[in-house]
Amino acid sequence: MSGPLLEMRGVTAGYAQDIDVLREISLRVDAGQVTGLIGLNGAGKSTLVKTICGFLAPKSGSVTFEGNDVSGVAPHKLIDLGICCIPQESSLFPYLSVEDNLTLPLLGRRAKFGSVLKQRLDDVYAQFPALHEKRSQAAGSLSGGQQKQLEFGKAWLQQPKLCLVDEPSIGLSPRISEEVFTWIEKFASSGMGILLIDHNVRRVVRMSDRVCVLSLGRITAEGASSEFQGDLHRQVQEWLGLDF
Amino acid sequence: MAVGLAMIFGVLKIVNFAHGEFFMVGAYTYVLVALKFEVSPWIALPCAALAGAALGWIVERLLMRPLYRGYASWGFMKDEYAVVVTFGLSLLLINLVDKIVGPYSYKGPSLIETSRFALGPVMLTGQKAIAAVVALLIMGGLAVFLKRSVWGKQIQAVAQNRLGASLAGIDATRTTALIFAISGMLAALSGALLAPMVNPSPDVGAFPAIKSYVIVVLGGMGSVWGAMLAAMILGVSEAFFSVYGSYDYRDAFGLAILVLVLLLRPQGLFGEKGREL
Amino acid sequence: MRIAVLVCVVLAVLPLVVQGPYAQGIILVSVYFAILSLAWNALAGYTGQFSLAPAAFAMLGGYTTALLDFYLKVPLFIGIPAAIISTALFGLVLGKLVLRLSGPYLSLTTLAFAEIARVVVGNSHEFTRGDQGMHVATLTDSRLGYYYIFLAALVVVLVLLYAMLRSKLGRFMTAVRDDPVGAESRGINVVRVKMIVFCISCALCGLAGSLYGTFSQLVSPELGLLQQTGLVLSMVVIGGMASLTGSIVGALLVYLGSEWLRSFGNWQVIVFALLVILFARYVPGGLWGLMLDRLKGKRA
Amino acid sequence: ADPPILIGASITQSPPGSVVQGTQVKDGMEILKDMVNAKGGILGRQVKVLYEDNQGIPEKGRAATEKLITNDKVVALAGGHQSSVCLAEIEVAHRYKVPYVNTNCWSDDVRKRGYPEVFNTSPYNTLVSSSMATTLAAMGVKKVVAFAENTDYGIGQAKLTGELLKQKAPNIDYKYETLDRSSKDFTAVMLPLRANPPDVIVMSMLPPAAYIVMNQAYEQGVAPSAKTLLYDGGGLVDYPDFWQNVKEGGKHLLSFALYHPAMPQTQLAKDIAAEYKKRTGADINRLVLQAADSLHLVLEGIKSAKSTEPDKLAQAMRTMKFDSLRGVSNFSTKEGFGYQQWLDIPYVNYEVTEIKQPVGQTVMLQAPGQKFDTSKIVRPK
Amino acid sequence: MSLLTIRNLSKAFGGVAAVNDVSFEVRQGEILGLIGPNGSGKTTVLNMLSGFLPADAGQVTMQDRDITSMRPDKLAQQGVLRMFQMTRVFTRTSALDNLLTAGMARGLAEAEAMKRAQSLIEELTLGPVQHLDAGQLSGGQRKLLEFGMCFIEPPVIAMLDEPFAAVHPVMREVMAKFIRARHEQGATFLLVSHDMPVVVDLCDRAVCMNAGKVIASGATRDVLSNHDVIEAYLGETHAGDESLAYGDHA
């Protein structure tokens, strides 16, 4: 495939009129690759995801997906384009059952997903037995980690072209978290583009094809992950402009 | 009526002061369509429903939008905003109808022209019986719609997590408008069904609205079945109380029931209590 | 707060300019609403407890004074404090019942209470003379005298609330509003905070209602109409939630505005309703929010 | 030219009060005012009536009255049509010593305050109750139930009727039920009556609640029935929306009424009726006439005092020879319910026997000044 | 010496035993790790210990006083503080005022609370956002803020539910340092975390739960090398993985 799957060019965005959280961001995600995004707390990573998803309108710059401008597209249309987002905060419906949570995005689009629904649902349940066990319970009653698993299940069912993953490992037990990352790699190798945000720098570097460092709303370093080997600790601190 | 309210309120957690006026608009539409155009009341009934739905839709379009602006970023639902806007709306609708249609009340034509008949100790008119049947059908249909259909689930999803709903590909805005339209429709329908009995006048909505609020709380927010059961309990016990107790204070009696229930079950009869921690 | 003081000062000298009992009377009534707005704002804006019964408590306050005056010939200097105490007690009992509820449950239960209170007062003909209302003695026949009595009450309420908000309680109130569970986990006795604020708010409404009753020499169940509550809410929202100044300014603006709209004659209420809707729709942060934005804009 | 004479009217023009009444009051006053102005006005000045909306809320009435007096400087007030509002307004009128003509506040309390500024051309509860009690006594019934709405009007009238019945016919078993006028379902009250029907049910209720009660009484088979008659004391048939709200249930309604075409009319009253018909297409009723009459009183007072000074005006109204539209005059000065009240306001009793029957064609049971004729009552089958 | 003794604690939700007959103790002045797979009941235990959830059965004593069904605010007054897995801050209040409120709720005078709040803001690098409403903070910033709120007045025991989640490693170290410092001053900690390196680094002892039951407890290393724990929780790759997120740190 030629050209990037997702490309941001010179995007400036923010919540208030006068304060820009993101400044002049340029970033690309290619199909079949994992692009890692790291940065301190409050650097603007989640804001970046929200901008891609259309929750925030960029003040300048453009976001293109498969060559089409998507900067003004409403969030609910993304699923049809093939973009899926696992946000940092919860995207679950606490009073609906686990199964409804999983299938709801697809039910409205039966034409597109109807045939594969059952199969994929079984896949998810096989992957996360806890969800199978609690499939008719309200999603809100799940434990923190189970909820995160559910978010992943949702993404799996959709099998999008691009998946934005904001801090997937939060609250997951080491074993599950390992499995989730394996999944992500599997997704990528099957041709999906992934934007991965996580605080586990070492793992992000290990998994990603490219890594971007976000600091105070700007991309301060970017490159193939091979450039990021070695003494990450020092390097990261340098990029971030911290001296401890 | 209460069920419509249960929707808007349970689902969106928006206090709609103007719900009673949706009721009033429905009742008036029914009466005026039936009387002025001299069509069968069976045609006027859907007209009323339509009017209610349209009104709900418009209200949402024009007035409710700012409520969820910025929900992506921990937007705070401004319930006070909704209260005030719907308060203004309620005033507006009452007075507009008062000025346009006139302050006079009208008795709506009955759906069927059988006169009264006895059913046990109570006399019923055909109208009452029909109204009850239609209402039950609608409520049952609605409950099934909410629980089973995709739309119903989408409605619930939007109510529970707007951000999540958008990400799940649900057009939250359209769904909200839909909720308002349905709830407006229900209120209008109940207005129309009751029009032959309550003789609509511009401020006819106030009392049923308050009753519905009590019912909604009693039944448990957002629970359609709860609302139905609560309506029944309240109706029966109030009637019982006014016959054997004091008629004057039967509303106070209704409150006493409410308080009792809430003391035992703060989430209402059928309300679910979610995990909070 | 500085603006609130300014407003009070302006109100204090206003009678020099605005003469005639009618105009002064209007301002006086808007001061009544300002007190109600402040009381409700403390409860809803700062503590997050969305009561829909402020007008009902004003009515109860008014009736306390009126009943004491009517049956026991209790002088007003006892009758008015008695109204404060009785509404506080009512608030205590109601609060015990409803403050365990949250969000819309609370609103609706207080709404039901308000309606029931009104119906009971209106239906107890033997005792309260029903919807005809009760005649109340008056503090003074001088309009100007009353004007300053109300103004003094407003200042007292304002100072009280200001002090309250500045104190520990004030911080706890906002904490309870933002996240009751979080507040509890930090060691705040949420129920007590709610209770105290609820009682104070009710008592202030009671005071306002009682003063008002003696001013108009009449208390009637209409004091507790839901519409009145709606009016108070509009005032607070239009002024700006969680702002004392906003409440006062909102009350003055809305009430004076609605009087001014009398020139629309027949269409007065409609125009008023439209304005309320438009205002809330386009200035959702309230006047206070608008002003803050302006100030910020200038600084930036 | 001289500035117009200003007269204030605080009436209900928007809910929750009775807009129906407010509209009729305004119509009546406007018609008379226009007629007077067309003839050159009073004392060479035009007359202007300033209306304020009180929404039927006493407090609003109080504020409106105060505005009219102190801001607009009206010379007198007229038009009050709801007792609770009147009671608040007369306080203001009394304080500023401005004449206040009560158009339609029936509560005796308005008179009992004994304010010399307040003139009552309105019917009063004692009149209605005592007439109804007399009728009931004449009918020789045994058991009477009254439906009283939970307002001062309803309960006041029902109580008074009870007291007067005790004097006039102590053997009648009388009780009253208070009904909430905002309620929509009165089945609970009807049920016991079905098991144990009274001879007469007295209605002390106003629309729209009254309509609902009547419909439900009919639906439940309580009244009007062969056994039980319905007797109204609130002038329900006069309301323009009566027949569009009450169908079968209105047939055989006995009615105490303050207007009937058969009553003697002054020429002016006839003119007003014609004009009213022209303007609204409806037949005139008693409230429109009462409203015109109260304005008429003020204007005649000004004429007679040759002044708009409040105290002179009041003095003139109290003492002058005045021809009312309804042929009554002379205020009583007795304290109590009759204070500054036209005591002998004419009334009739009639029975409606057909749906949508014009008042003129109803069965006259008691012509003005005559005795009630029980033999004319037509009972439903 | 035992500070907190938990005996036979149980809690079921609609027939499902989330916590099933759990007993362990937290010793005075230690940092105890509470670990276990997702849904094993850790948060539920914390909810019961901090008074937010009534226990179905069992008993909790603090220095021989029964605190089983004490109200959360009473417990907090006595220095039993907690952090939530899903952050709970006062969203419409500025970050600084959040800390102030927390301080005053513990009975500090305003001036003193202010002083400490400012120094906490400093230490947690929240300076640039201290005047933003807490609802506008990023996920990690909010975690840090809530962390700070527990420490404005030294806790007797702090129960931290996933304090490091969503926090950048640099800040994790700051937090860890902070915990150690308070630990040295005598505070006791009950730490729930899935971040094994930190658990190893900080905790003296650990308790591992699975499906509502305690399956292992003892010295941290022993627990982590326990066969059941590896099977249920860590998974093979993680066994013995003790490096911090940067890798080359240790």
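Note that the chains are named A, B, C, D and E in the order they appear, and that numbering of residues resets to 1 at the start of each chain.
As a working rule, a residue touches a chain if its C-beta (ideal position, glycine included) is under 8 Å from a C-beta of that chain, and two chains touch if they have at least 3 such contacts.
Values in this document were obtained by computation on a predicted structure and should not be read as measured data.
Asks: From chain D, count the fewest steps through touching chains until chain E is reached.
Replies: Minimal hop count between chain D and chain E: 2.
Asks: Minimal path length between chain B and chain D through chains that touch?
Replies: The least step count works out to 1.
Asks: Work out the mean Cα position per chain and let me know which chain is farthest from chain B.
Replies: When every chain centre is compared against chain B, the largest gap points to E.
Asks: Farthest chain from chain C, going by mean C-alpha coordinates, please.
Replies: Chain A.
Asks: Which whole number of Å gives the spacing of the CA centres of chain A and chain B?
Replies: That gives a centre separation of 41 Å.
Asks: Using mean CA coordinates as chain centres, what's the chain A-chain E distance in Å?
Replies: Whole-Å distance between the two chain centres: 27.
Asks: Based only on mean CA positions, could you tell me how far chain B sits from chain E in angstrom?
Replies: About 46 Å, centre to centre.
Asks: For chain A, which residues are shared contacts with two or more other chains?
Replies: 15, 89-90, 141
Asks: Check each residue of chain C and list the ones that touch at least two other chains.
Replies: Only 119, 123, 181, 227, 266, 269 qualify.
Asks: Which residues does chain B have that touch at least 2 chains other than itself?
Replies: 73, 95, 206, 248, 251, 277
Asks: Can you tell me which positions in chain A touch chain E when the two form their complex?
Replies: 15, 39-43, 45-47, 88-90, 130, 141-146, 148-149, 167, 170-179, 199-203, 230-233, 236-237, 240, 242, 244
Asks: Using the touch definition up top, name the residues of chain A that touch chain B in the complex.
Replies: Listed in rising order, the residues are 15, 50, 53, 55-56, 74-80, 84-85, 87, 89-96, 100, 104-105, 107-109, 138, 140-141, 154.
Asks: Residues of chain E touching chain C in their complex?
Replies: 50, 52, 71-73, 76-77, 81-82, 84, 88-93, 97, 100-102, 104-106, 110, 134, 149
Asks: What residues of chain E sit close enough to touch chain A in their complex?
Replies: Result: residues 13, 36-40, 43, 85-86, 128-129, 136-141, 143-144, 162, 165-173, 194, 196, 233-235, 237-238, 241, 243, 245-249 of chain E touch chain A.
Asks: Looking at the complex, which residues from chain C come into contact with chain D?
Replies: 20-23, 25-26, 29, 119, 122-123, 125, 129-133, 141, 216-218, 220, 222-223, 225, 227, 259, 262, 265-266, 268-269
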